[in-house]
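Note that chain A is present in both complexes that follow, paired respectively with chain B and with chain C.
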Partner chain A sequence: MKQYGFYIDSSKCTGCKTCQLSCKDNKDLDIGVNFRRVYEYAGGDWLKEGEIYRQSVYSYYLSIACNHCDQPACTKVCPSGAMHKREDGFVVVDEKTCIGCKYCSMACPYGAPQYNEEKGHMTKCDGCFERVEQGMQPVCVGSCPLRALEFGPIAQLREKYGTNADVAPLPSSLTTKPNIVIKQNRNARPTDDQSGHLANPKEV
Partner chain B sequence: MKINLKSLLNPQIDRRGFLKSSALFSGAAAVTAGLTLPFKTTKVQASTLAESADKEKVVWSACTVNCGSRCPLKMHVENGEIKWVDTDNSGDDNYGEHQVRACLRGRSMRRRVYNPDRLKYPMKRIGKRGEGKFKRISWDEAFTDIAADITRIKKEYGNEAIYLNYGTGTLGGTVTKSWPPGGSLLARLMNLSGGYLNHYGDYSSAQIAAGLSHTYGGWANNNSPSDLENSKLIVQFGNNPAETRMSGGGVIHHFMEGKAKSNARLIVVDPRYTDTAGGREDQWIPIRPGTDTAFIAAMAHVMITENLVDQPFLDKYCVGYDEKTLPKSAPAKSDYKSYILGSGEDAVEKTPEWASKITGIPADIIIKAAREIGSTKPCAVIQGWGIQRTANGEIASRAVAMLSLLTGNVGINGGGSGAREGGSSIPFVRFPTLQNPVEASIPMFLWTDAIVRGPEMTAVKDGIRGKDKLDVPIKFIWNYAGNCIINQHSDINRTHDILQDEKACEMIVVIDNHMTSSAKYADIILPDLTTSEQSDFCMDASAGNMPYFIFASQVIKPQFEAKSIYDICTGLAEKLGVKEAFTEGRDQEGWLRHLYQLTRAQDPSLPEFEAMRKQGIYKRKVKDHFVAYQDFRNNPKANPLSTPSGKIEIYSEKLAELAETWDLAEDEVIHPLPVYAPTFEGWEDSKQGNYPLQLTGFHYKSRTHSTYGNVSLLQDAAPQEMWINPMDAQGRGINNGDLIRIFNDRGELHIAAKVTPRILPGVVALGEGAWYAPDGQKIDHGGCINVLTTQRPSPLAKGNPQHTNLVDVQLVNKV
Partner chain C sequence: MAWHEWPLMLFTVLAQTSVGSFLVLGGLLLSGQLSLNEENRLHKAMFFLWALMGLGFMASTAHLGSPLRAMNALNQVGSSWLSNEIFFGSLFFAAGGFYWLLSMLNKGTPQVRKMLLAAAMLIGIVFMYAMIKVYLIDTVPTWNNIFTPFGFILTMLLSGLLFAQLLLTGAQSKQAGHKLLPVAGAIAAVVSLVVTVLQMTDLSSINSAVTAAAGIIDNMQQLQLIRGALMLAALALWFKPLITSDKPTTLLLAPAFVLMFVSEFIARGIFYGLHMTTGM
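Take a look at the complex of A and B:
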């Protein structure tokens, strides 16, 4: 079976959010609906010695859309069958069938399904499958000023970049088997890290 | 606003419904923004709509705002409406011939074009300045009134009373160019009508322009960031291209690619742990704002005492490093080395221990950094404009260059001068704006003073250029594509009070796209076109060794009654009796063709006009990296600098002279050497008095200065908030996200707190450019830093010290 995925280079990502905004422009999304979300993870300590300071501060960004998982949590809990995995591996919601119960949103550990208040049902990243069918890249990937995103058959991405899909503040990849490969930032912390915190909770 | 925007941007709007409602609205456009949306329900658009029904086309446009990058936008247009915004996706994106990818702001251009704040027709003020009460007038009435006022003010006060205010909203255009003022079409119009009071300097770089020019002669340049591929060590001082020049064809791209090639180590010196750092740095050195000069002096101490300085370079190329190369006029022991070693006038040895108390940086870290910078070659030292936008940024800018000089890194690949990044450009013939008959020029930051006390302002006290003193105050202000009438100028409450007196400045004309806070202070507002509604050549990006220019074509028809700056000036020129001279018989398209023809005559390798329109962007790969002062380095006798000595001036005789002759306050320092001097509202002041926190501004990804500040999606994606360290937040009972008040004697604003370890304790930071939103009690709820900044200028540039502020912070509400 065909399966596409994203490569996310957190060592390059500056958290600029061009991916998020280019997606929102193309998909005509309003405030509060973000198919792609940029996580800021930060931590470290400060020590005051008289008038001077020492520190161990770090932060990094991570851009996450839908990971089009092998074992999507969203499809499992969807009572209407609207949330489904396509032949090409993209996980999409049939907006005509969706009843807007938000179970998928609660189930997905990555926050991918997004409730659209105006439409009254769920929406989400569909991998720009229509563009992909025409041989184009998803809008977010081609927009990245840092060239921190790539897209392609996940097998190829894994061959090129390895198989890591784990980093804080994401959950363990064992849960849903996401189709992403993450190149870690130098500051990366493991998924169960307690030293840092999600620094921009309102934005994701 | 959300609902308005939605209905505006909803792609599923029924076309028939559109046309039907247009009859309803077109006769009564003078209603609120919400009711007139979507915009294309005017008669003019109706015909266009029918013609191009259902046809999607892609048209090249551009983002021309003042970030220092410049991005092409590919507008997808359907039925005369922009549907979505793509960017340069040509070629295979190999670095060196890469795509120039727009940032989050450019990708949100549609929401600036179709924005509820759009100005729709000329308006005249009917309330007080700042109240935002206007009535609609016709273009003819607007032109007649403005021309009459110009004529009257010229007669009563002379042309020196007519001022072109700073505005950079469209500085990337050619016809639409808003800055420098002398390069704008308003300058051409006024030059045909007797001239105008000019300004020098700018809110971006006033202090470095005035300061570092004494070191290098003229505007100080640096190597192209692409040249970082030759560096072994990069030192970024207050420079954050990940947010300031964040285009995918701009400085950040060259920085990342260059650094990846060389694998150079990176030191970031900044009070904030910036997005440029973010795991790409080998060391972050947090520093108190305004103390960089002390840090550098201490590093110089280490380099000198440990024999890490490049003595042959200093001897051959520089003036005043040690006594050997001091000019004759200089007193004994007035050289930099004597200053550092404590044998100079102040008899203080600039040891790491001395500097650590001032800067907050541990002495061992200062020593380690000095050794690393002193022993790693080539080393690229780059400063942003953050540290110079301070109360003595002139000196700070020169101090940063000391690192490049002490280590002999100037004029070589992989090294640099310590200035901000340079780059290559493609020569382009600009709109001729003619000669200004008025010679007087003021520091741009002192325009409010020039309203209040113009005739008192002199060359030696206020930096007036072109004559010894001003003869008249400012009576008329042109404000095109700028938000410095209120939002971006310091001390908003003082400016507000000054502008309330309508007998002082008698006329303010604002030409802009949106109802900015500055527009609310206008006497007459003229609605301008966005880049999407007209054609222009767009350029002037800091783009490393791949310069380019863009042909932005008209994407959609003009919205409402808005006119281009060219047509506005033409209309005014007619009333002023200079239309023929202004237009030379051309329209905007005619000028674009004419200027491009002249450009191609210089450089026939450029594509033809029509081909250029089709391809949208022209890129040129420059073989060699730009290396600043390379010719001078190779042969200083044949290629002297434009400093008085022809050499790099560590000790500046000119500055020594200004220090003697200018009227300065006790706490204002102009010095021939880059010495550390505490300033008003600096760290030293924070230890006494009511305001214990240093507040610095920064450039925020959400906006370019104030442009894009009214795009709700960007406000949501990167919300306005004040950075505060947990150490400072804890004692004040502040948690992440809480509503806080920031205040000092000048003003107060309420905004959410971002409690983050990414900022030095004792320092708080607020992104500049948020739109001023006062509540009637003089409290701002938009998070505009300029309710807190001072109008007191820096000593030499008379520039804006907007990163030098003392404040306190208190909790208002828990989240």
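Take a look at the complex of A and C:
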């Protein structure tokens, strides 16, 4: 079976949100609906070393859309079947079937399903499958000025970059088996970390 | 607190109240302890049970962004517990309602009606099971635990038993004064209080990297106090006839039920308000 995925280089990402906005522009999304979201995870403290204090402040960014998971939490709960995994591996909402129960967004631990109040149903990153079918790259990936995003068959990405998909504030990758590979920032904290917080809750 | 989830709060509490009381009244009707006249009066009173259930279903559609497509909710029967819940809920409504209609019109043999009643009771139990399973989502740690079935079943007992007794009283049944109902209600209330304390303690152990369960609802203590006070007030009214050895009256039990219902409604609001995922 075919399966595409994203490579996310958190060591390069500066949190500029060009990906988030280029997607919004391309998909014509309203305020509050973000198919790709850039999470800023931040923390740190004062450390006493002898007579001096040093700070250990850190923050890093993670650009997350939908991970088109192998075991999607969203499709498992959807009562209408609108949220489904396609032959090509993309997890897509059939907007003509969705009843707008928001159950998928309650279940997805990545915040990917985005409810559209006006349409009365769920919307979500579709992996730009129409572009991919024509051999093009997803809009978000092509727009990144830091070249921190890559897209392709997940097997190839894993061969190139390894298999890590765990970092705070993401949940453990064992639950939904997301098709992403993450290169960690030097400040990266593990998945179950409690030392930091989400620094930009209103932006995601 | 999740007031915006009022459609789901209403739907779940109303459904649990209806099924809980239906199981009690159905058991009583099957046991043959009621005279024919009592049965007739009880059937009339059971109109209110179906009114509550109907109201619940109406409220549930208000939760949908596209209510006109509500039928699609049945597409995944078998694989999605939400589909299963709607399926068995509708089936309960249909089977129970059909039994009620036959009884009201005095159609069908008593055997057929009893079979239908028993079937509706069974379906009601499956409906309640499905409703619990809907919320046991492995990515939602604040729901995916033992407190969800406890909370839901306790609503069936607290609100359901009280409503059953209210209907029995309205139907002037001899069983209306039965001690068992308020005593079971009191036991349920004690269990409910203990479970609430345990759950509130347990919240401190549920964290994601960006959400601490214990901090999601900031006026939690107030809400729990109001909820507990309402429950105890309802219980006091419910128990008064037992203490004064009077017959319970609808004038007493109706306000008791309203208090109990609001208490469970607030508890359900807390439940929905506690939603979080293992991620962000």
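The definition used in the following text is that the second predicted complex is superposed on the first by the 197 of 204 C-alpha atoms of A that agree within 3 Å, B and C clash if a C-alpha of one lies under 4 Å from a C-alpha of the other, contacts with A are read in each partner's own complex, and residues count from 1 in each chain.
One rule holds in what follows: contacts are C-beta pairs under 8 Å (C-beta built on N, C-alpha and C of every residue); 3 or more make two chains touch, one makes a residue touch a chain.
None of these values were measured; they are calculated from a predicted model.
Asker: First (chain B), second (chain C), both or neither: which does A:D45 touch?
Answerer: first
Asker: Once the structures are superposed on A, label A:Q3 by its partner contacts, choosing first (chain B), second (chain C), both or neither.
Answerer: A:Q3 sits against neither chain B nor chain C.
Asker: Under the contact definition given at the top, report the residues of chain A touching chain B in one complex and chain C in the other.
Answerer: none
Asker: In the complex, go through chain B and note every residue touching chain A.
Answerer: 2, 5-6, 9-11, 84-87, 89, 93, 101-105, 107-108, 110-111, 242-243, 246-248, 250, 252-253, 256, 273, 275-276, 278-280, 284, 286, 356-357, 360-363, 701, 712-714, 716-719, 725-727, 736-737, 754, 756-758, 760-761
Asker: Flag every residue of chain A that touches chain B in the complex, lowest number first.
Answerer: That would be residues 10-18, 20-22, 24-26, 28, 30-32, 34, 42-46, 48-55, 57-61, 118, 139, 142-147, 185-188, 199, 201-203 of chain A.
Asker: Where on chain C does chain A make contact in their complex?
Answerer: 63-67, 69-70, 72-76, 79-83, 86, 137-140, 207-210, 275, 277-280
Asker: With touch defined as at the start, can you tell me which chain A residues reach chain C in the complex?
Answerer: 39, 41, 73, 76-82, 97-103, 106-111, 115, 117, 119-122, 168-172, 175-176, 189, 191-194, 196-198, 204
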